[in-house]
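Note that the chains are named A, B, C, D and E in the order they appear, and that numbering of residues resets to 1 at the start of each chain.
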Amino acid sequence: MLKIQDLHAYYGKSHVLRGANMTVNRGEIVSLLGRNGVGRSTLCKAVMGLVPPVGHIEFDGKTISGKQSHEIAHAGIGYVPEDRAIFPGLSVVQNLELGMKKKGQTGEKWTLDKVYEWFPRLKEREHTPAEVLSGGEQQMLSMFRALMGDPQCILVDEPTEGLAPKVVADVAAILKQMAEDGLAVLLVEQKLSIALDIADRIYIMGDGNIVYEGTPEELKNNPEIRKEWLEV
Amino acid sequence: MTTRNALELKGVKKNFGRAEIIRGLNLEVHEHERHVIIGPNGAGKSTMFNLISGRMKVSDGSIKLFGNDIHNLPAHKVNRMGLSRSFQVTNLFQNMTVMENLRCSLLWSEGHKYAFWKSVMGQQAVTDRAYELAERLNLTEQAEIPASLLTYAQQRSLEIGCTVASGAKVILLDEPTAGMSRTEANDVIQLIQRMTGENTLVVVEHDLSVVFELADRISVLVYGEIIATGTPEEIRNNAAVQEAYLGTEVH
Amino acid sequence: MLETIAYSIFNGVLYGTLLFMMSSGLTLIFGMMGVLNFAHASFYMLGAYFAYTFGLGTGFWVALFLAPIAVGAMGALVERYGLRRVHQYGHVPELLFTFGLAYVIEELVALFWGTVPVAYKAPAALNTTAFTMFGLDYSWFKVFILLVAVAMFVGLWALIKKTRAGLIIQGALSRPDMVGALGHNVPMVFTLVFAFGCALAGLGGVVGGIHFVTDPGMAFMMGPIVFVVVVLGGLGSVPGALVASLIIGILQTFFLSVNFSLADSIGTLGIENSGFFGVLWHMEATRIAPVLPFLLLVLTLIFRPRGLFGKREA
Amino acid sequence: MATNTAAGSTNLLKLWPWVVVPLVAIVLPFLFDSGHAINLLSHMGVAIIFALSYNMLLGNTGLLSFGHAVYYGLGAYVAMHLLRSINDAGGEGLPIELLPLVGAGAGLFFGIIFGTFSVRRAGVVFAMITLGLGALVHSSSLMFTDFFGGEAGLFGYRDEAPSLFGVDYAPSRNVYFLVVAWAMIAAILIYLLKKTPLGWMANAVRDNPERAQFVGYDPTIVRFIQFALSAMFAGLAGGLFVITDEIVNDEAVNALTSGAVLLGTYIGGIGYFIGPIVGGTLVTFLESSLSAYTEAWVLYFGLMFIAIVMFAPMGLVGIVHTQYLNWKAGGWKGNTGARLYILLTGLVGIFGLVCVIELAYHYFRSWDPSAPFALMGVTVDATNALPWLVSFGIAIIGFGLMLFHGNPMLKRKLGAKSDGGKA
Amino acid sequence: QEGPIRISYIEPLSGPFANVGDAGLKHFRFAAEKMNEQGGILGRDIEIVAMDNKQSPSESVQLVQRSIDEGINFVTQGNGSNVAGAMVEAVDRNNRRNEDNKVLYLNYAAVDPALTNERCSFYHFRFDAASDIKLEALSNYMKSRDDEIDKIFLINQDYSHGQFISKRMKELVDEKGIEAEIVGDVLHPIAQVRDFSPYISRIQQSGADTVVSGNWGNDLSLLVRAIDSAGLDVNIYTYYGGGLGTPAAVGPRGEGILYQITEWHADVNVDEGLTEYEKWFQEFKERYPEIDWYYHRIYNQMHMLKAAIEEVGNAEDIDAIARALEGMEFESQTGTITMRAQDHQILQPMYMSVMDTNAKYDADNSGVGFRTVANIPVEQATVDTTCDMRRP
């Protein structure tokens, strides 16, 4: 579904992505692991067109590299950035509404009501300005906002940051639910535990490249790789 | 060892409109202790920090810092009384270099106030302190780099450095390790331990390994109330805490 | 007295609607996009001149539609090739850009249409008396003003309620990249909204140019009053702008209609008409009226920085 | 942005501008010795102080003011009243050299009064309060004629006042030297002010008022002190203006004066200490000189602002500085040609545009458009198509080459060097 | 001395008042050209050097200085008494400090009486009727019609010009014994009022039948329009009813109700058979179709300057030229006019006229012109002065 070939990305002069290749399929959760600062977030941004990508990105058989980010979003990719990027001046519902591609139009699987069901706190806070939400609430809001746009593929960058352990489990459940609904999920995670728990496949990034690909089991059984690319 | 209370919250309440977020919160933080606050998302931990540090006004109740009432004082006054805080979202002087950030954080506590008749660079004491801080933060090499160009982890360190710089006796840190890898988090914990030494420390954290490593005592904040306070051991074994916060998945 | 009050309210409302017309576009541009558009009054002026020029060929009623469209198109160009570039640098450059633009537009207008006022008049149909109140005639044109203002209010209302332009813009002001990543074409929305705001200014000009005078000085004369309305009403609030316009209109009209000074009503108390307080004491209400909006502005901002209906402070 | 990376230990070599600039300033009136030129120079001096004081707000503290002329003007009025009383007393009283101090005192006084309620917020609220205050004070200046002298204003005589050094201030050159002296004093003080705890915290408050609170500072008070001091220097400039012009009227407090100082400061570059100096000088010069050369000066003025804002957002000093840094860092290597090419084609384009504008003004404004008319030294007939075609042609070719040939060329060359996209 | 005799024309040529400045410039240029055709002054051409003062007093002071630098000995200006005041100061100051490079200031329109009273200057000459003189003439006319005038309403701009009218008119009603009552007196800020209807309601409520206003520019156009659109039945007495832009903005609405007091208007040529001057007028119109020859005083001013220079025999001895102008009598198109020596104020016959669509010449191509309703002889258009002039 999402196919990345030989992807490069730059910040000014610094060359961050150096020819990454990966694919994400419908209905699967793919975890992207790696040390801090290797460029996992950059990969998400490059896919979304927020950082100019050099290379080839294909979604649903169509080339999306080089397109404007709103076009990419319309092609069906949702994005949950690592800093959450909630809109501070807007209320919770307004944030969710902005997630919809057309006014008042969500997909069938995720609707406002469904969101409120999953996370009643958001319903209570419906009309409060989003910037006063607690850190965890903001994280949830950011994720649900992406879902409002009814994406077929979703890039989730460190969704469990700052979440209480109990909520982390909720997030995992939501991600699983998404995959079951047939979405392609690319999960960028720091916490090995959850990544290994729910992922179908795993990529590890190092030096701006994909250095490892495998299933969670394989990785669990491969301490050298973990040692070399994930730990210090 | 004295058990003088550095911070004392009594019956503190805070509501936003009709929503009551903090509902009669009682908390005592002893002097020199490292006190960690845990609790579910949206329990009111950051709000509590905002109340203590003067960023928000309390609706009811009292807050005492070493026995002095500080609730509803403006933030800068609270700070001058010896309390300093960091933010959940990095909050630095982005256009200033590391040294400048540190210097700015030192100015008041070094007694320079609003002076417009002396040069900052001429204040040797400030310069020395700032260099010393930068060294302890491992930011000497980045000393002349604007804060906005630091890596995330470096920014968090600087944030802690600025918080500690003012020489406050009580330091509040809101999720100091958020967004960091294990190793980075470990560094930061060490940094905190190194930097805060004798100070009283109140930390909000979700990362349990950090929590248990750092804490002398732990309080659990749920729905605007402290439901339990105790040593890490006590908390780990507290059923109510497990139910409310840790969930099934205890690491 | 009753007559004065009734009259003030009625005329104040009329004046208020005119103010609203001129400032409604700015509510979008300044209030929502945060662009301190000093050239707003220039677009208003262009509206008047376009309507006058088109009107020579097509008659007033067609020009009524063409002129705002033309002004809107110019607004779109300005946004696309000027403001968009400047936007990233912040508010002050934006302000200065529009400042320069105001100069340029004024000069070009003077160049093409001359420095003397043009004879831009209401069509004969609107020049007839609609009704008479307290011995003063009110022409159909004044009724027309009211109608246009209502139409503008409804148009703005619809834009804000029926589309998410407002949300998109507000979101984009803090996180433009994220709004894009959610599937919204941010640059286009900005262009459209700016163009719409300019078109509203143009429509204001089509009407205002008749009611006032159409000359190159008209933009300058409109001056900061439009800002006062928008800020007083609360940034981005259309009802706020309307209410602020009406308040200014009514209050000012009332002050102008009464014979009042502290000395008159309380007595001179031996205070002479000199020195700061003396002059103030003897100052007639009529002389204060014109600075009233500014007084109101300063007081409001001191005690309620977000304006009457504003949700946020900028 | 703000270059408050202090020079560390006093590096004597870095002090050269403080020596060279005054020397040049002292030589200037001997090079340009007409009365008008000297007046212009004096005005530049006043404008420099005023712009520097304005930048204490905008550049250093992040406060956008639309009403800075209030303090300049009120300073001038108070100083003028004193000068008049000195005149009336037959030239007895405060020496004229110290008159600007009276203006400064008045500026400070009103800065303190108005500052108490305007600086509680920054941003748009502050900007709009200053706009309103400016309008109120300006209206008052026409209402309270006792103090302000109505729209005719007030006059005084600088040569009917005592001098500390026995200088005769009737000749404008002597006044000019007084202006230079005060401008130097003000510039040094304002420069030093940036280096003090207050100056630093002003920057801090501009960048992040919240954080400033949590290091113990009250942003309101920081803004307030900066505001009051800035008003004081504005008042100083006003007091000096009284000496140079010997007249004050409502113009000194009006919106145009407030606008001009904003424009000048910004155009020079608010992130640099010398930005306001360059900007104040330039705007003063253009405003009084451009109009002598062309009827279309307002249009050029407007276009120039637009161009600077669009292409040099850091101001003129900013663009020179960044290019200089770039050049020093070797960023010009291999593409100096491309840069010069852009500059050249740009100039050609501007030349063409100027021709078009001049033609248009002649065509639309003069009573006989067909009268022969000297355009750039060539006599042409504006009703003829040829000069238009040529002018448009030059403009289009110039700008066209710049935008569609020069720019891509530079981009390619830069791209080849860093093989990077944009960030 | 060789070369042309140059006169600096210091007026707004940009900004909101540019139209007025531009029109004046065209007057001067035209007059200069006509005179040059006749041989100029002492055989030298007259050249008008346009300088843009942006309607700013301090800028004007600069321009006086620039004129001096460029060796120009004559400056002329008229728009705005505040500018005029500053220029008088500047000229005086220069002539005191700069003995061998003096300038003469010829004022063609700034009407503040102070300029020829407490602030009069040897180097300032006013060719327009001062405000008090205009008011004198106006009130003399009103006296003659006081059976129709019962209630007078004063509405003026809130600056010295308007304040003066408001104050002086009240005195004049008593002094002249005009059998009418002042029922209202308002001042409004200059160039800021956008909607005059509140003022109109006050006029209406006061029951006034006559409005006196010194307003000019938009402040007058808007006032007249508002009066007309409210259907108020009043006569409006003004200074500047025929001023640039006003007839166009007012249009036929002003017919029969808008009066002005001037030293001349276009139909005077027709009424008095001044064929020469009519030709002058028409030629001007041909050249500048969008405006009209309006400032008769510029004609006077230029010719009187010529006479003075020719009497002195050179254009450089400013003191001598000023002395020649002092007390000069000149046969103008409309009769003998005198430059009163005591204060340098011109004394001339004036005309009371009213807007009329049937006038032969319309103003500003608006379709309306002016028709004389009364000739005010010089004696009725004279006011004593308190000027105590310092002469070199």
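Operating definition for what follows: contacts are C-beta pairs under 8 Å (C-beta built on N, C-alpha and C of every residue); 3 or more make two chains touch, one makes a residue touch a chain.
Heads up on the chains, UniProt names are C, D = Branched-chain amino acid transport system permease protein.
Not measured: the values here are computed from a predicted model.
S.K.: Could you tell me which chains make contact with subunit A and subunit D both?
M.R.: Touching subunit A as well as subunit D, we find B, C.
S.K.: Based on mean C-alpha positions, I'd like to know which chain lies farthest from subunit B.
M.R.: Using the mean of the C-alpha atoms as each chain's centre, the farthest one from subunit B is E.
S.K.: Report which interface contains more C-beta contacts, comparing D-E against C-E.
M.R.: Higher C-beta contact count between the two pairs: C-E.
S.K.: How many angstrom lie between the centres of subunit A and subunit B, each centre taken as the mean Cα position?
M.R.: 30
S.K.: From the mean C-alpha coordinate of subunit B to that of subunit C, what's the distance rounded to whole Å?
M.R.: 48
S.K.: Please compute the C-alpha centroid of subunit C, do the same for subunit D, then give the distance between them in whole Å.
M.R.: The computed centroid separation for subunit C versus subunit D comes out at 30 Å.
S.K.: Distance-wise, how many Å sit between the C-alpha centres of subunit A and subunit E, to the nearest whole number?
M.R.: Distance between chain centres, rounded to whole Å: 77 Å.
S.K.: Which positions in subunit A are in touch with at least two other chains?
M.R.: Residues: none.
S.K.: Taking each residue of subunit C in turn, which ones touch at least two of the other chains?
M.R.: Within subunit C, the residues that touch at least two other chains are 107, 287, 290-291.
S.K.: Which residue numbers or ranges of subunit E touch two or more of the other chains?
M.R.: 14-15, 158, 189
S.K.: Which of the residues in subunit D come into contact with subunit C in the complex?
M.R.: So the residues of subunit D touching subunit C come out as 58, 64, 117, 120-121, 123-125, 127-129, 131-133, 135-136, 139, 143-144, 146-147, 255, 259, 262-263, 266, 270, 296, 298-299, 301-306, 309-310, 313, 360-361, 364-365.
S.K.: If you look only at subunit E, which of its residues touch subunit D in the complex?
M.R.: Per the stated touch rule, the residues are 13-15, 26, 51-52, 54, 56-59, 61-62, 65-66, 68-69, 80-82, 85-86, 89, 93, 97-98, 112, 114, 158-160, 163, 189-190, 287-288.
S.K.: Under the definition above, what is the set of subunit C residues touching subunit A in their complex?
M.R.: 162-164, 167-168, 170-171, 173-175, 177-186, 312
S.K.: Quick check on the complex: what are the subunit D residues that touch subunit B?
M.R.: For this pair, the touching residues of subunit D are 1-2, 4-6, 8, 192-193, 195-201, 203-204, 207-208, 210-218, 221-222, 225, 229.
S.K.: Looking at the complex, which residues from subunit D come into contact with subunit E?
M.R.: Spelled out, the residues of subunit D in touch with subunit E are 34-37, 39-40, 43, 139, 142-143, 145, 150-153, 155, 157, 159, 170-171, 245-247, 249-251, 256, 288, 291-292, 295, 297-298, 367-368.
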